[in-house]
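All chains are identified by letter, namely A, B, C and D, in their written order; residue positions are counted from 1 within each chain.
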Amino acid sequence: MSVSELIRWIVSLLLKPYVFAPIFFPGIATAFILILLLIWLERKIAAKVQLRYGPLYVSKRFGGILQLVADLLRYLFQEPIIPKNADKIVFILGPILLFGTAYIPTALIPVSGSFVPFRSEVSLLVVIALLSISPLFDLVIGWASNNKFSLIGGLREGYIIVSYEIPLFISTIAIAMLYGTLDLVEIAGQNKWGVLLNPIAALVFLIVTYMSTARFPFEIAEAESEIVMGPYTEYSGILYGLTMGASYVKMYVLSLLFTILFLGGWNPVFWPFTLHPILPGLIMLAKALVVMVIGIFLRAVYPRYRIDHALSIGWKLLLTLSFLAVCYSLLITYLQVVVWV
Amino acid sequence: MSERILELYIGPQHPGSGHMRFHIKVDGDIIVEAQPNIGYVHRAVEKIAETKKYIQIIPLVERPSLADTANPNLCYILALEKLLGVEPPERASYLRVLLAEMNRIHSHFYGIGILGIMLGSSTAFMWGFADREILIDLCQLLTGARITYSYIIPGGVRRDMPKSFVERALKALRYIEKRLKDYDNLFIENPVTKARLEGVGVLKKKDAIRLGVVGPNLRASGVRYDVRKNTPYCVYDKLDFDMVVLKEGDSYARLRARVLEIKESIKIIRQILKEIPEGPILAENYYKMIPPKWKDYYSSTGILKFPAIFARLKPSPGEAVARVEGGRGEFFFYVISDGTDKPYRLRMVSPSYRNVILFSHLLKGHRIADIPAIYGSLDYFPPGADR
Amino acid sequence: MLQPTHYIPTGGGMGVISAVEGHVRALLTGLKYLVTKPRITILYPEQAEELPQGYRGMPVYHKDKCISCSLCANICPANAMKMVKIGKKKYPSINYNRCIFCGFCVDICPAGALEYSPVHDYASYNLEELEFSPEKFAEGPPEPPFKPEILRIETDEEVGLKYVHPKS
Amino acid sequence: MQEIAERLKAKGLKVGEDLKIVVPASKIKEEARKVRDVGYDHVKSVTGIDYPHDGVFKIIYHVSSYSDRQLSKSILTIEVEISRDNPQIPSLIDIWPSVKYLEAETSELFGIEFQGNSLKKVMLPEDFEGFPLRRDFKIPVEGIEK
């Protein structure tokens, strides 16, 4: 095995979908860059709505875009203080697992017709199931930092998780019915605009994405004017950086899923281009970015709901809407109405 | 049973409490008992006042309620003028009310901004503090200072209104009226704000009277009491404006009361700019003490020099009481003089100190998330309370 | 007494409509500000505001005009002005740490030896440096290390504060 | 002012021309109850004044009304004298609840004991000795010479 063959083997391994996807394209690398861009964009949009400049002085010509790299470096080199009577191992593992498990669903999200890391007939259900792992670590973090505020924050996160997951499952089932399959690749392949098929399910899914990632009206777990930073009160340094990044990663994954289910994946790309994953992937990323920008624009518009409001929305409003979505899609499939694009 | 109760200390370094501390007992998410703990920014204004000359007390009484400095200054001077037996000329009274009302508007914007950030709407906070800047710019043009004006002196005011002031003020007021519509759309009528504030921290009318509460918090519960209307001082009797009284008494009514009061103050300022008479801005017996050289300086620049007697003012022994309707409520001053150039005793009761009693009354039975909502809606200013 | 959670106003159908309409109005206002409205803040310290005539900044002292009547030291509310004996006469020295820019000393000085200056943002490395003897006080506040771009503020009905280059 | 003075006299209160009532410390509670029944429903301020030469503390209650339009224009002053060496006075908290924090501050800064008002610590740090607002509590005063 000469060195060149070894290199060639490594390169071919890297290009394999099940390696390239989670590490590079829809996986960590792009998500990482996207997070920095997103946080910067969020602060800039909020600043513009509030008639001010926002981050500026780091790389002034580009409007302070490197500010986020500077923040990241600060988190990296800041000393993460671990409180004396906190549960040390769980305290450190919490944010790492929170950030890590938020990535797992990207393993099943197809980027183009041929390029999908893992393919299975029920990949939609697997993605939804993997999605619900990461929020549990908020509870763990809340308990581990042995601080009253984080305990309350963790419990609040627990309540909210339960209240939005059922509408999430039901609304995905409602839209999956119209596609007739649970395999994400086939769903994306059908190039149908899910939003037009079942707008109610799209609305529920959108509200749930903003609820699960604590976007603005639902930023309840870490409400700083009530319970300081919620579960993350005791964190500093890179551990705090991870917890902050985790919610953005989750939003990235959920908006990718939203584009596949409702915005027709890589819709306008036709047969000859779908072979090579770059173009459809970029289009899907662009659509996901639109969904995310709407999410971060809400920070400039909304105050914060109270915990019981969010729970009432989750249990009463979203649940009924998702049942409505199911009936709506049942109605359509029953009437055998030709499903238009 | 007691294991269920969780004791929480919110403050004094808490983002949601300002420089005071809440000692809260919580059962789950519901507050069982709340005790405010104030005094973190107590600076003993009343003790220091006993070692200062009468003129030197003006900047001292302004400092505690920094968001609304014209009104304590006015209240102290009204009490002092009763002791000195001095009457300000007509134009000076108009200028005093002008500064007081401009200060009321930007103090209300401060309150709306703080309520906004307490509820999580950073836009309401940034807008509030941006719109304050418009009014502060006007006050800077009139008095030469941004916040701590020390503009009102015994017998009148320190500066006359510059010529460019009227036209610039009218433009600013029209801008503020346009902005209030955007506040309504984005923050005040926002369904999330309504959900957070309606029915939260309800203060019934009889409790508001029983607890001796002041300002918009009192009027939002239906009590018809505004010092400018009940016992008009300066030229408030010559100005027509109506007292903002609402009846729900919840946090949302307090917010709306402040916005309506901004609109009333705009009405008052417009009348002042139209009806202000010409004439001197300092009482005759003090004005004639100014050397002629400085009288021409005053007529050319509008800046008044102090007569030398101000450094050693000696009012006749006696006591005087004055009350003024500040942005957050009623200021009450009680000055006792013993004939020397320093007061024997100065009693300053600021509106926030009269509102402290509300916290333990209002917070019980609400959720933790309601603490910032109620705290923000009361427009409580810790340094003003601690003095 | 736990008050009802009425996130959707209980006004029946009408309540839901007004809630949705409220949401849409809030979002549209936010969008309007995102797109159309200019910024109100200026980039201090590169840009600075042109302060009006008579702005109460750090007081400036002219030793020649002073008649050492010590009225300024008598009236200073913050004990910032202290009289210092030089030769036979006493001259005021100022402690800018304590000075609160109230302008009482300027307004009471019968000889016009004290004046307002628009300098309000002078800083120093230690506290002692801010205690100026009468001679240093007479030299006036030092020049800031760099010249910010001066902008004049004009109140405007559409955008509140408009910043223009001073023509005069 | 006259009608108000008449209304007070009708209730058996010796009120002076300038709406001022001087009350011995022992009878403060009944007088306060009478004043409240006239219509004065809240206290604006409780002021303690220290007269070390006469060995006396004067406590001034400024009382006014929100509900009665005519009374709201006036401020009634109730003056009480208590001895300086053991300053005790019954609290008026059950008559006017609005007096809670006003009495607490006066008691903490003067050392006057308001019997019945549970709130003691308001302004000063827990470990602070001495009563600042008394005349014999000196604070440094600076001259005008350097």
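Remarks
Rule of thumb we're sticking to: contacts are C-beta pairs under 8 Å (C-beta built on N, C-alpha and C of every residue); 3 or more make two chains touch, one makes a residue touch a chain.
Remember, it's a predicted structure, so these values are computed and weren't measured experimentally.
Centrality by Cα centroid goes to chain B. In this structure, the chain pairs B-D and A-C differ in their number of contacting C-beta pairs, and the larger number is found at B-D. Taking the mean of C-alpha positions as each chain's centre, the chain lying farthest from the centre of chain B is A.
Computed from the mean C-alpha positions, the centre of chain B lies at a distance of 24 Å from the centre of chain D. In terms of their C-alpha centroids, the spacing between chain A and chain C amounts to 45 Å.
In this assembly, the C-alpha centroid of chain A lies 62 Å from the C-alpha centroid of chain D. As a whole-number value, the distance joining the C-alpha centres of chain B and chain C reads 19 Å.
Multi-chain contact residues of chain B (touching two or more other chains): 123, 130, 186-187, 190, 195. Under the contact definition stated at the top, the residues of chain C that touch 2 or more other chains are 7, 26, 29-30, 33, 40-41, 74.
Looking at chain D, one finds that none of its residues touch two or more other chains.
For chain C in complex with chain A, the touching residues are 5, 7-8, 26-27, 29-31, 33-34, 37-41, 43.
Across the complex, chain B meets chain C through its residues 30, 52-53, 55-60, 123, 130-131, 133-134, 137-138, 140-141, 143-145, 148, 150, 158-159, 162, 168, 171-172, 174-175, 178-179, 182, 185-187, 189-191, 194-195, 198-200, 202, 291, 293-294, 297, 301-306, 308, 310-312, 365-366. Here chain B touches chain D in the complex through residues 38-39, 42, 44, 46-48, 51, 208-213, 218, 223-225, 230-231, 321, 323, 330, 332, 334, 336, 344-345, 347, 349, 353-354, 356-357, 386, going by the rule given at the top. Listing the residues of chain C that touch chain D in their complex gives 70, 73-74, 79, 81-84, 93.
Interface residues of chain C, counted against chain B in their complex, comprise 1-4, 6-7, 9, 19, 22-23, 25-26, 28-30, 32-33, 40-41, 51-56, 71, 74-78, 100-104, 107-108, 110, 112, 116, 153, 155-161.
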